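In the two complexes below, chain A is the common chain; its partner is chain B in one and chain C in the other.
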Partner chain A sequence: MVAIDSPRTTTTDLRRRIASVPPAYWVLGILLLIIPAFASDFVMFQIMGWTFILGLIALSLMFLGGYGGMVSLAQMAFAGFAGYMVAIFGDSAISGISQGWPWWIVIPLALFLTVIFATAVGWLAVRTEGIYTIMITLAIAAAFFYFTRQNYELFNGFQGFNSVLPPELFGIDWRGPEAFYYLTMFWAVTGFGAVLYVSRAPFGLALQGVRDNPRRMAALGYNVTAHRVAAYAFAAVIAGIGGILLTWQSAQISPGTVGIQSAIDILVIAVIGGLRHPIGAFIGAFIFVLLKTFAVDVLIALGLGGERFQLLIGMGFLIIVFFSPDGLLGLWEKLKASRRRDPLTGGQR
Partner chain B sequence: MKKTYLGTISALALMTTGGMAFADAHSGPLKVGILVTLEGTYAVPGEDGVRGIKLAMEQAGNMAGGREIELTTVSTDTTPDSAVRGARKLVEQDGVDIVIGPLSGSEGIAIRDYSKTQPDVTFINGISGAQEATYVDPSENFFRYNMEGAQWSAGLGDYVVNEKGYKTVATIGEDYSFIYTQVLGFAIGFCQAGGEITERFWVPLGTKDFGSIIASLPDDVDAIYLGLGGGDAVNFLNQYQQAGGEANLIGGTIMVDGTVLNSKGSAKDALIGVPSSGPQADTYDGEKWVAYVDAYKEMFPDGFPTPSLFATGYYNSTNAMLQCVEQVGGNLGEGQADFRDCLKNLQLDAPNGMITLDENRQAIGTNFITEVQEQPDGTLANNVVNVVDGVDQRLGLSKEAFDAIGLPSRDAPECKTSY
Partner chain C sequence: MSVSATNISDRMAATGTANALELRGVSKMFGALEALGDIDMTVKPGERRAVLGSNGAGKTTLFNCITGDFPPTTGSIRFFGEDVTGFPAQERIRRGLRRTYQISLLFTGLSVIDNIYLACRGVSRGRFSLLRPRRNDALMQSAEDLVRVVHLDDVRDTMVSNLSYGQQRQLEIAMALSGAPRFILFDEPAAGLSPTERRELVDILTGLPGHVGFIIIEHDMDVALRVSDRVTMMHNGRIFKEGKPAEIEEDPEVQALYLGGGHG
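Up next is the complex of A and B:
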């Protein structure tokens, strides 16, 4: 784990920090960088690209749920909102609505509007606790889905927007497999680092305090509501980036993208990965993508009908949650703990 | 710590070999990918589509042009995202040469766009019926052997004016592109025959309460055109009957299909005598159709009583593929050029009439005008009252005239006596 922040950053400090990066990070980092050397286009664009994108959106949920104690089902709506904004202000095949503005206005504007939207939602949702937060955010996700499906003036209704492509920056086609792989990886790593950093910054620590005991934090002079709303705003930036990348990946955005099913998918990803650590979101996304993509093939390879592949996906999730309510990360922690314990005495080795 | 490294490295090694296995060669049996909806609302029609494919493959003995056909199926959930994802997997991961699918309208548009980025693969549409998929920016390697929403309405407008004597009509439709396209097809025929559409009502998909719509329906029209499907259609009919509605009705293609005709309760009785149209008719007595229905029933005793249009769509597409692979002797040719030439010029003798392709690789086919009739055993079925041959995508209009109408939408086309 990265060392706790010290007030000044000097060169020796930096060196110490680099040395303190755990070796697993180096291995993972190098592996991610060299994947394009041997992986097929499909693996890069579809499997990994989609993993990073869903991971980012799940990461925003993990941040709210894990550090803020607020499970929000509206994260997919925020992501979709950002995607819609890019389609509306930028370029798409629906020339009657899309404004065609340059990307350096469109993307910041889309993220800015997403943050405003999420702040408004957060401001409403933080007044509730537990299951009521889930209900209110689910209601917002559902309302957003139906709104996009029925609004034709702005969101182009059922059909949505197609041919929403990333800008050709530096002469690179950012939807090419390698370029898109690195693009999504960059944002996934940035999002991961940002969440990790914020979780140890004063704001993140205060947020975790609010999660554990809001009343005590209020007594200490922290504004509980403001911290929670700010958490929504921060999570919306991450979800928004994920949503824009998702829109570019499928080159389109339509109500189907922001449906209830997708909102629940994000929750499933976050839960099977584990809400303890930001990496859980990406692990969950990777497993989700693998199951979604190959479940039919597995069934057919076993000589069964491919139509029932949803059963396999569901069972996979069920098994993970059954053996470890904390998701795969929890399983990992359990394994580590059991190896550390002496089987005879039960004490630490 | 050492054990952790070992674990990491073995995981790495596993991933590397996995990555290697993904690179696949193009040899051996002919690989064909199937894109079909097996989840969500359209899972049941999707399964029937798979039956259509299985039937066609069975009849050909899984062989064409001396090569064995190897099918790979991917499920979509009717969203364009899932269709493109599925197609990507088939093409880039499984290395298929031909893709058959997808099922729903907006998926078809997304696959058309995707097909442009994969010039070495041929895409044959399953049953998706959006007009834009072949009419706007058509793709060289996207072929569609089924007619779309507007073509499925061809002949209906003319029939209700001349045979039924309906001169003024109000329309109620679900608010999305397929119904717009259906209304367009109906309106062009209806208005040209001298009819007049007085009002158009649009309701969101999945509407439960039609009270306000029923209250605002005009009394002075001869008939009401219903572009509703499934549960919406049943709900509307129930509430319309309770409200004492007695107007004549005209049905869109999905208004009078099996789901509604076989529904419980008395709501469907309002449908007796209702004219409608579509690319197939259950009680059609054409020789090929009867043989097809018999083969379907024999192979799938627990399928539908008669094949749905989803089964027929996939069945026809698979047959087109098989016939052309046969014709080129299993060798698809340089960049699949020979195979595509064959597809373009194919005269597909389908159970639901002869199908040829136009310059956009869109089907020109046969449309059936039907009327709902009570069978001796008390069930309802569609009876063929008229067959329209050679229905093209522009519904007989010139390209200029058809382009001038614009894409189907809530208020396009205008109702005019000539276009």
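Up next is the complex of A and C:
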């Protein structure tokens, strides 16, 4: 009886699960799959690839900030650390340092070491709250930047590592625009799905509980500190994957990648998109990449100096934060709510 | 009005011989201010005790010392025979002690069911699980049951920040009932509730399983005396009277001080 029943239940379960996916996800999913059919190599590799990578790193910040209430500026340092580990243990042009180990050892090892690094940082940072968490993680990011710049034995100092390439798996050049697009998209979607899934699992729920009311969480039998540290470890896996992809995209890793400017860029991306939902990280990354890529052209077309593109990003950031502290997602929610409201009575339509 | 004596002894027999709660010489100083002084208190398993007293009498401080939110300055606290004086809050929770808070301390960014689920999960394994609970998960089931017990079925998926005050109080109680409690401390559970909600509260409290004892701090005499077996009166951080609800109600000193003379 049970044996006959169970497959049918699984099918209906699966069907119900598929039906519960919002239509917007279907549209977005199909769009992402067919973009390579009409987009140029530049759009695939530079715009979309970079969006997915920065989105992943910002997603790790969204997880900590949005669900855990901990704003960490060290996420870029974790990403860069993973990139450095891939360069040090794998292949690069700096053959004096790079070990040239096979990718299936190097990538898990890099991620493992990144998690250890992030756990140590988290263990320090969770003892602080609010602005002090930002300060301590900024200090760690800055320290890591200067360390990589001054250490020549392991991190090759100012120069860093070049020719850090992805492995040629299945005979595909993973740095080819189309292959790289799908590679980064796969990890972006996986990271997004993982964060969304975990947000409803006991670990994610407990993290949100810690965000809302740490004292009550302790009174319910939770170890608040351990949960926060574990969140750093989880977020580091996502940041680490983003960091490895970033290193492959530019085929190099150097102190410039993990500079304070980049650390702040990640915060800007997460805030522009909105910390409320994992999709915000990717929306923010897309806008950031568009601005970073095209702001110069726009400014020159307007007869202004192209070097002022940071000003444009800064102004955009200011406007978004000013009108909606929840980023573009918050703005969207507000718009939806106001459209539902009757303009005359103020009641729900 | 109060539960009969045989009923109490039945409940006691069900839970062993050690006292549920035993406070010896507990005091709490905040700087030079003595919030609690030399409290001796024994509560039997399954007993329902009301702690009454004016504002500032030290009732909530007493709760904080029992739960470990603040450690007492002197004295010892035993919970079911075990000395828990030096234990952190979460260790006491894991031994079956629960409390509600006077001001709701809820997870406002989560839904009702998630709040209760977190409370159920807190005293079980798998607090770090990365896997979502299945529909037929035992903890999920007990969370669903508690939603019904406190009549919050209609707002099961509503974010707690959107609940009414009364609903938030109900949720506080559901969270205290989660995960097989042995003893619960209720800190003014009826404050701010409507008459209907108060009646529901009394039903919930009197309907608790027999082995679950509690202490209730309550300004509403009607609620406090209806749900309790014994009453402890506190004044200026000290206990000054203890007895059955009927005795306390008729005590002239108590009437003069707290019940305004004509309280029925």
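Before moving on, here are some points about what is shown:
The definition used in the following text is that the second predicted complex is superposed on the first by the 340 of 349 C-alpha atoms of A that agree within 3 Å, B and C clash if a C-alpha of one lies under 4 Å from a C-alpha of the other, contacts with A are read in each partner's own complex, and residues count from 1 in each chain.
Everything that follows uses one rule, which is that a contact is a pair of C-beta atoms (placed from the backbone, for glycine too) under 8 Å apart; a residue touches a chain by one contact, two chains touch by 3 or more.
As the structure is a computational prediction, the values presented were derived from the model and not from experiment.
Once chain A of one complex is fitted onto chain A of the other, the partner contacts of A:168 are absent, as it touches neither chain B nor chain C. When the two structures are aligned on the shared chain, A:129 is found in touch with neither chain B nor chain C.
In the superposition on chain A, contact is made by A:211 with chain C only, not with chain B.
In the superposed model, A:31 lies in contact with chain B only, and not with chain C. Applying the stated contact rule after C-alpha superposition, one finds that A:227 touches chain C and leaves chain B untouched. Once the two complexes are laid over each other on the shared chain, residue contacts for A:46 go to chain B alone; chain C is not touched. On the side of chain A, the complex with chain B involves touching residues 23-24, 27, 31, 35, 38-43, 45-46, 50, 146, 149-150, 152, 157-160, 162-163, 250-252, 254, 256-257, 259, 261, 293, 296-297, 300, 306-307, 309-310, 339.
Listing the residues of chain C that touch chain A in their complex gives 67, 69, 88-90, 93-94, 99, 101, 105-110, 114, 117-119, 121-123, 126-133, 175, 179.
Interface residues of chain A, counted against chain C in their complex, comprise 197-198, 200-203, 205-206, 208-209, 211-213, 215-223, 226-227, 230, 234.
Residues 3-5, 8-9, 12, 15-16, 19-20, 22-23, 38-40, 43, 47, 50, 72-75, 77-82, 84-85, 88-89, 92-93, 106, 109-110, 113, 175-177, 204-205, 410 of chain B touch chain A in their complex.
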